[in-house]
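Shared between the two complexes below is chain A, which has chain B as its partner in the first and chain C in the second.
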Partner chain A sequence: MLETLTDVQALSLDVLQFLTQPKPEVLRGFPGSGRRFLAMDGRFVLVATARDPGIYEYAGAMRQATNNHASVTVHTGSSNVTPAQYMQAVAALAPDVWVALSDDVPSDCRPDRAAKAVDRSAAWLSECMSVAAAAPELSGAAVFAAVQGGQYLRERQRCAETMAAQPGVAGFVLAGLGTGESPSQRRQIVEQVVQRLPAAAPRLLCSVGTPEEMLEAVAQGIDMFDMGYLAGVTAGGYALSFPLDPGAQQQQQQQQPMPASSGSASTDKAPAADGSSDADAAADGGQDCSKINLWAVAYRTDKRPLLPGCNCFACANHTRAYLHHLLQAHEMTAQVLLEVHNTHHYLQFFKAIRASIAAGTFAAYHEGFLQRRQRLLMGAGW
Partner chain B sequence: MAGPPPMVAPSPQPGSSSPALHFEVLAQCGRARAARMTLPHHTCETPMFMPVGTQGSVKGLTSQQLLDLQCQVILGNTYHLENRPGAELVADMGGLHSFINWPRGMLTDSGGFQMVSLLHLADINEEGVTFQSPTDGKRMLLTPEHSIQVQNRLGADIIMALDDVVPSTAADNARFEEATHRTTRWIDRCIAAHSRPHEQNLFAIVQGGLDERLRDISLKGLVARNTPGYAIGGLAGGEDKRSFVRVVSQCTAGLPEGKPRYVMGIGYPLDIVICSALGADMYDSVYPTRTARFGVALVPQGVLKLKNAAYVQDYRPLDEECGCMVCRRYTRAFLHPLAAKGLPFAASLISYHNIAYTMRLSGQIRRAIIEQRYPSFVREYVAQQYPRGGVPDWVIEGCQLAGIELDLRAAGQGAANGAAKAADGTAPAAEHVPHAEEDTCSRATAPAASSGGIGKEAGACESGSLAAWRQEQQGHG
Partner chain C sequence: MLETLTDVQALSLDVLQFLTQPKPEVLRGFPGSGRRFLAMDGRFVLVATARDPGIYEYAGAMRQATNNHASVTVHTGSSNVTPAQYMQAVAALAPDVWVALSDDVPSDCRPDRAAKAVDRSAAWLSECMSVAAAAPELSGAAVFAAVQGGQYLRERQRCAETMAAQPGVAGFVLAGLGTGESPSQRRQIVEQVVQRLPAAAPRLLCSVGTPEEMLEAVAQGIDMFDMGYLAGVTAGGYALSFPLDPGAQQQQQQQQPMPASSGSASTDKAPAADGSSDADAAADGGQDCSKINLWAVAYRTDKRPLLPGCNCFACANHTRAYLHHLLQAHEMTAQVLLEVHNTHHYLQFFKAIRASIAAGTFAAYHEGFLQRRQRLLMGAGW
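The block that comes next holds the complex of A and B.
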């Protein structure tokens, strides 16, 4: 399925999945690289991270960490990992980019715990880097340092400054977000951290997902995101349906009269997305109008693709009605098809973001989303 | 069933034409035959294996992947599809082909088997099968007319008659006798109810349990009805395999030479090889995909149980001869942890390979028949599965019935139950469990599996965690 997603640039891998099953030796023993073992095509940038957004357990990570080891969530539950063990797995994967092991704490941890996380993460970064210096597999790989500190600006600032001062760090991860902080807290944290990072170094933000959240982060200077949000959307049976350029769409609609089939109720309500209907809005009820819920009975006989106009594999081959049926029947193909569509849609979204930045129109692009949100809020009478 | 006159080619080979099916034997080798069967949606090469997409999806695979795997016909289960999403909805969506986006052949069963095997409260009388609705608990009646009406709505290329199913292991002779005659009476009702004979082919199903006399009665009665094709039913339900091959042999011999013969519920590779030797053309089973969900891969030597620690650092592909997408990209060592963790991704990949294996086997069978070397193909296949002897009696008997002499010089012949071949972990072959053992194993675990409310289709060994995963996958169904 991956090969149908032609716009994939990078793949993120959870190092923690390669600590025990399979063990690093298994990847190492494979004739060729760890990446060939995993059948990861050479055209992708492979990013090894310390947290799989798909199985991350809230606050699970901080349970039993000590100065010597992190406590991490793996398939079988929680497990301890030292920087040396972690780096063994990283070396076996031979990625292009690897994220140093950090003491991952949630936003709402206590301030002393956040401070300890900053100290440990800094110590572990040095430890990981000295292991990497001796590993020939990682000679060409770039290291990203994780900035921790919970919701405490002082700790976040201190961590950013410490990490930025470490020579040899190629990029930075804004870690531990999406764990209970408010949107304004997150905005502040991102702003404060980004200010303290070298201007030329890439910045990766974890666990942030909605289109609006991502646009805001991009506006704040974030370059890379993980796709944890998509895993949750897909597992919930949703297909992303937000327009890729709501500003342009709005202009078009103002020039063209609304088609009669839009129905009477929609006169005071903007359509949710390209080609979507009242039924979509109804099925989306209470949601943020950026996705449709394929579990909804409204799609039982809907012959349209997940998102009209989308040219992903799922949309090119299957209807909403079929996806609704597959979900109802608990067929795993439902998840496969939704994941293909959702990943494709986000890749197109990022293509549009890059294009607008290149054209110098990002602010207007971003504004199009904000206005759409405004219209939806008014239309829904919230 | 007066079809247009067959397009007569100067060919000595048997064949037949029905309004929606053209069947042409291309080559015969002993009792085995290779044929071409033209259905409204696809021209198929037989012998062929048909994967099962119970609820409109072959578990873990997309319809595009099934095309990539050269699948020719896939099955849908009428009982499940009528329950959800409902045949009327499927018809509104343009039929099953369009609903699931599958351009090639499809076959639906009558729904009767599922009712009898899944529901405790099924009760059969002359009118039909009475059962308790799993959704609202109401008593409902499935008649031959209703089954055909539902299948007409689904729109598959081949539809199956409602038959009076008795498990082949049931002991009551009177019940078998009744069921045999009733199945023949019901075929007339099915034919009368069939509203789309120019687009869909109704196959009759031979019944009669393991009784030669009853099978003969069933064969004569159904052959006289001249349906476009025939199925051999009432097997694959846990009967002893010697009886199984005898019944298949009797039925293929008694069915018209120029019409397709379908042995229902067959998916173990060795069963396909032996049934093809006896002149059968079509098979279906959930086995390749279900066993994949337990982490079991099919290989020429038998099966690989990928959860086994023996594969932790085994960098070979599942099957060195396969060349499917999974075998080209992934190793046993890669699949082992995924299977051990019970991830759906493992189930998808192993399902893909297992279907590829079964399709490749069908192709090898066809080629061997066309090239007039099927007996040696069978000998090699059996030798590969039983490298140290211990070929089961039923295989020997099946080959004898097919006129194929097996090479049984290997030591240990006669014990025939394969139990002596406990895995000793030394030779690579010890990792492989021949299908016969897998078979035994599945029987041993069958009561446990069925107590979980899962169907009684061909099973496989499973551990607690994957069984739970399977229940989750299949749950609510």
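The block that comes next holds the complex of A and C.
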């Protein structure tokens, strides 16, 4: 259904949700395996990952893992899984890309635990790849290795080097981030890991989501992201509204100096008919110049679409006031419409980033984005 | 969104949900009022009704009503509403059809309470119509009067006669049913009420929903229904599967006498590849020859669509096994897909009924439907 409402082309799928309910045998029973079961045959690039950032619990998982199995959080609770069991589910899903099982530890684990995670993850990668080599469903699939190591640069470096040395690995996942490390720690980890990976191999960064974080990661050489941030934003009742084209907006603002009351996180040019503005909404807690919270009373009578100018299904058909009402009434249509808009907005964002890379202007795009954000925050009195 | 996935043409809307959140003023702020707010402008026939059968609580409401106000259940709790307040919300919604506020009592209320409900409902109808006459938003809208009276034939008759005598009423709602009366009591009430109403005026029957109940009601002269049954079926994880064309299926069965194991509540002609059948599912509690319950383990590996032959969005893209999985994982997509199928199936059912009425063959359609249902139940060993 997503496909009919946005232009999604790739989907990431949590392998762990297919260990027990449904069992891999159920998926295998379908011609085309999991792809057909999930109605994704031929339409999406399917990336099978080993962790749903939305439901993962680090603390218990870390304690219960052994050299033989990981402990993982699935929708029925926590569960142990061996590399062989994990690969059964991967094979049943028949993805285009799969991530090897790794010993997933958070940034603030102890250094010896981080070292153990690196050793186990390397061993499990080999084991997963042996199983894959014998699975016909995975003959055309690419494997990504997960780089662990917590906040410890030495362990991260060691893990990156070990994983990069493994023949047959097509890409890499920078895992275990977004778990308590500081922004500068993360920046260092990403830098140290990326420089140890083959230049041409794609890199996926976990648990990073704000537009500023993504732009910084792209600048550091990251190619792919998971969508945990989007899910969280949608669950909170937010619609993303950060401007995709800082250049155009910049020009507009040079023409008309910006008083606090005309501040706009959206690309809306005309003030709202009822005199309300995004800056008013900011004062009411309704927005932060990057997203708006539809729970805020500021939107109770707002006749504008979630993001004026957006051409997603939600914005083409509905108003902020209606979304506010749906949230108040606990109608699940609220989440559906917000997810449609937020997914669409991030896809447009990625499109803009790719275009700027292709045109050789990414650095300027990045800089313009940060500058505009700062101006908006100042204009709105933050 | 519903419109893009099925061919819905009319929607009924619970006025009571628009008394406080959002307030009528919010709706009025939109050009085109509530229709624009709800993104229904020009696309649906909008019927504003006074009771959401899904959340209505009779007991408390009945005790708290007075001659001046009804007590109603809304999504924020229970609330008192006067006819004037009710009409403010109706006017803000700007529907095509609106139902007058009535004193809604259940079948098993005491006779004196039922009599009081009839008196109040008649008085409130007049009051509602006076307000409507002064409201420009309602100049083109039709008013339906609600017939109350509990299980008491004398009160039902008196109410029908009073309401039918009120000039300007376009149609009638047989209200307060599905609240404990027996099938034969309901049959008598419908018969007695309908024969007292103007022959050409449309009649809406509340809280009746199974295909057999609907066919009987149509035979008695009912034209419209609310969709509380569909909502309940969907919430329970059911997909409707009763056959729409008893004639065609009848013929098929004459050709091949029906052993228990080939019983099929669907129009599926080929047995499933894994050898399972609907009769097996019946034995597992998965179906009752009218609907299937996707929670049942019988569907864990079932590769068929919800209803083979159905051309709704859900059936065109997904399998029973996938729906079973979505329910297990508590994914709201399960409810969305089931609602799409169930709405589509009932719309097809109504289409078949209308076609048989137009062809003068409704009685045969009705009879064939009941006969086939009985054969199916016997065949499945019920």
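In this section, the second predicted complex is superposed on the first by the 334 of 382 C-alpha atoms of A that agree within 3 Å, B and C clash if a C-alpha of one lies under 4 Å from a C-alpha of the other, contacts with A are read in each partner's own complex, and residues count from 1 in each chain.
In this section, a contact is a pair of C-beta atoms (placed from the backbone, for glycine too) under 8 Å apart; a residue touches a chain by one contact, two chains touch by 3 or more.
Computed from a predicted structure; not experimentally measured.
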Determine, under the contact definition given at the top, whether A:Phe313 touches first (chain B), second (chain C), both, or neither. both
A:Phe30 in the overlay: touching chain B, chain C, both, or neither? Say first, second, both or neither. both
On the A-aligned overlay, A:Leu326 touches which partner chain: chain B = first, chain C = second, or both, or neither? first
In chain A, both chain B and chain C touch residues 1, 21-22, 25-26, 29-30, 37-39, 75, 300-301, 303, 313, 317-319, 321-322, 324-325, 328-330, 332-333, 335-336
For the complex, give me every residue of chain A touching chain B. 1, 21-23, 25-26, 29-31, 37-39, 75, 300-301, 303, 313, 317-319, 321-322, 324-326, 328-333, 335-337
Touching residues (chain side chain C, partner chain A) in the complex: 1, 4, 17, 21-22, 25-26, 29-30, 37-39, 75, 274, 300-301, 303, 313, 317-319, 321-322, 324-325, 328-330, 332-333, 335-336
Please name which positions on chain B make contact with chain A in the complex. 55-57, 59-64, 80, 84-85, 89, 92-93, 99-101, 312-313, 315, 329-331, 333-334, 336-337, 340-341, 344, 347-348, 472-477
